[in-house]
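Below is a structure I'd like to ask you about.
Letters are used for the chains, namely A, B and C, taken in the order the chains are written, and counting of residues starts over at 1 for each.
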């Protein structure tokens, strides 16, 4: 025969399979990436622009004299810079992201495509309204879905985030009380388990906050609520399902007592995913509820925003909704931007323009894709998935409220870690090495070492099992005394644990050039 | 030195009381990153908020153990909040208050009583 | 349903593990009266094709800004965003990641925020900037609240050139906190009129440059007057590209600068999502609202970034927080940073110069239209003009010629008595043909006697 030997081995030599550090610090696909300003492009730009036909001599010394201090990159360098950075982020698209109360569900790509249609994206908020009828129609249809799903007669679309929606709801409540001559009502009741935005918003609006106690089974203490509902209470702020992942069984009674005392019921809608399509907050006696479109209705979290927080309102509060809103006129749809005679009770504007239209398109596409039947299934699968995780972990971790089912999220405390030397924080950091983003930690505050797990409905059983197996293995390791695994975790992430004390003691919030380094002034 | 159940200490010199937080409190708080001290001239009743101690993840209120007028605040803490962790009962003091009623200090726990109290926690 | 991975077999198996017979059992805590037995009265699920068809039909009923000559500004501006930006922000790791609370697996987001903060500080000429607010208008309101915390005074004076939506938003928020808002009468070129209103109760004065009428003002004297009275100067900018040409707020003595960042990296999107820029003097940082990203090191000594100074925020301070804000405008801030890094120092200056140049061309053409009076003496890329008769009616009339002639001031504030004022913006996307078409259409619709048809 004639031997053709290309001279290269085609399987790994097992002797050389041990790990080995690189010479220059690289780690395979993961690249180290300096700051934009250290890439040094003071005179670089990645865009080609026409030269201006006229100069700015007409502006005299209104013109900036010195350098701004920006750095530029050519397009290939910019792409590389940001792609390298992107690789250091965990994301929903990579794995189950169990953040309780955040609803990290899949972000459908159809929504991204539709939001980018020129007829939506390239539309100015102040164009003549006759040229934006399709946009107004979409807002109107979205409003219809939100009202139908919640059983509420009105919705304010403009708030830009959940906390902004809370502010809107409380301002409407405040305006309603003032209009009725009850401006002396200056207190808001909030459960001890509430999300921090609730008391922060109440204080922002000028209310003082009184806490309502919790029962041992994780619900609002009705007796304590009744005792605290005095004539100076303007509203209660309750999350339902609550931040412990439990449905408030006595919610109708809570609403009744509140209304009897002359106060309004604000509902934090962060956990709407548990009941969408199955329960209408309007039927529970809610007066105002913000809906996080970036939670229940899948608009992307984007590394921290943008969100959208439209607020559904009862008939009593509807007159106090902020501008703008869409009405049906003879000439088509009309956006009312100013409180006029009939609507004179609107408390003002929450922000410029009309709200997060980009998020409206995405949320509406999501709703239309799921439909009434799909949305009901969303709630059912979300609750099923959370209960499955609870069932699969309850023998090795300690559920905070073991009796009865949870809703869309399962809450554990750190009792099961006692004696191991491992804290909730350590456990969470070790999850990173297993490939998962940690669950929500230390919230709600009412549970010690809280671990709040919300899988959402877009997780397959396979991914749920993968997650449970990882946590079971970690739990076993913790109990077996393998504390080092946890104390030093994460070991395998792009970065080890970071010194947050240093960041707070010596805040360094912008890049500054070294004293004698070249800058744009050169 | 005298102590309160809320873990503040008081050292009286004439009618001026130096106030800070105890070693126990400093340890419980973890790394102190910032202290919001009171304005000089502020009048306080015992139990009013005197200062706020911040760690990375929490902000804890410090209460005035005695009534009086703030005559000094520890400016060192702005640059070196870690002093509170390093020397909580000495260089990590927060404020000096001219007390209206020195007898209020006598009513507080002495060190043995405070340490007995700590043992019950 | 394509977004729901569980199969009926999965569900049955999982119920078995849980020990419940049906999913309904898991909803046992819901009061019977509140359980909806039937599906809600809404359409059933739809495939991509159908959803796309419906939304495309809606989109097609809108006249996109780029469909013809277009001159709307007044707080949102049509710029060209390089194709790269939108591609990068749609990467999974940016689009579908969360707030960087676990910094070890969020260094991508955190480093971008650090770069963003550095860029915003540089643009505004101030020492620190946060990781963004919802938009310019809420940033303005938050700045006023911050001035109350810093000065412990209750009065804010808003200039007559401040965008009416910004003034209204500020009034809404500040009123809730019991602050007194003094809103000066709308005036084309009167930012300095705030000086006369400053007194010992003034927490801040809020001026805008370029203002809603497009007028550029040197606010140095206003800063001096405010500081002499112990008040803060807040400078608002609604067109971020202006920072590429004009003297920065920091240089002119501002204590806080807020802006709408939409012009850089972000499409018009019919009003949102946008991105609020917020910068201030270093000594005020602990009173600053919003998220902050700071530099630090990890356990192995490598440089990294974390969210910091969190004790200002709602999740820690709860009712004593500097604001109730829980989110920033993450993805929009990312788009801003990427676009600005593609522009760089050189590119932003060029872009700003180009915008101004187009606006000068626009001014020349408008000045030649009989009946049109130019009101803006010094401008960046936006002009206010007075037209004969009602500006809104004129805009509607000109629409028939395929031209969107700008924003009538009455659209922003119907009570100012400025119904004959029209605001027009030109950007690098405006062509000479666009300007010629505008001028011709205006000339046609403004009758020889000087009244709008």
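One rule holds in what follows: contacts are C-beta pairs under 8 Å (C-beta built on N, C-alpha and C of every residue); 3 or more make two chains touch, one makes a residue touch a chain.
Here the structure is a predicted model, which is why all the values come from computation and not from measurement.
Chemist: Chain adjacency by touch: line, ring, star, complete or other shape?
Modeler: Basically all the chains touch each other, so complete.
Chemist: Hey, which chain is the most central one here, using CA centres?
Modeler: A
Chemist: Using the average of all C-alpha atoms in each chain as its centre, how far is it in Å between subunit A and subunit C?
Modeler: Spacing between the chain centres: roughly 20 Å.
Chemist: Any idea how many Å lie between the Cα centroids of subunit B and subunit C?
Modeler: Centre-to-centre distance between subunit B and subunit C: 44 Å.
Chemist: Please report how many Å separate the Cα centroid of subunit A from that of subunit B, as a whole number.
Modeler: The computed centroid separation for subunit A versus subunit B comes out at 38 Å.
Chemist: Can you pull out the residues of subunit A that are in contact with at least two other chains?
Modeler: 500, 503-504
Chemist: What are the residues of subunit B that contact at least two other chains?
Modeler: 33-34, 54, 56-57
Chemist: When you check subunit C against every other chain, which residues touch at least two of them?
Modeler: If we look for residues of subunit C contacting two or more partner chains, we find 310-311, 316-317, 320.
Chemist: In their complex, what parts of subunit A are in touch with subunit B?
Modeler: 500-501, 503-505
Chemist: Using the touch rule from the top, collect the residues of subunit B that touch subunit A in their complex.
Modeler: Checking each residue of subunit B against subunit A gives 31, 33-34, 54, 56-57, 81-82.
Chemist: Quick one: in the complex, what on subunit C touches subunit B?
Modeler: Residue list for subunit C touching subunit B: 286, 310-311, 316-317, 320.
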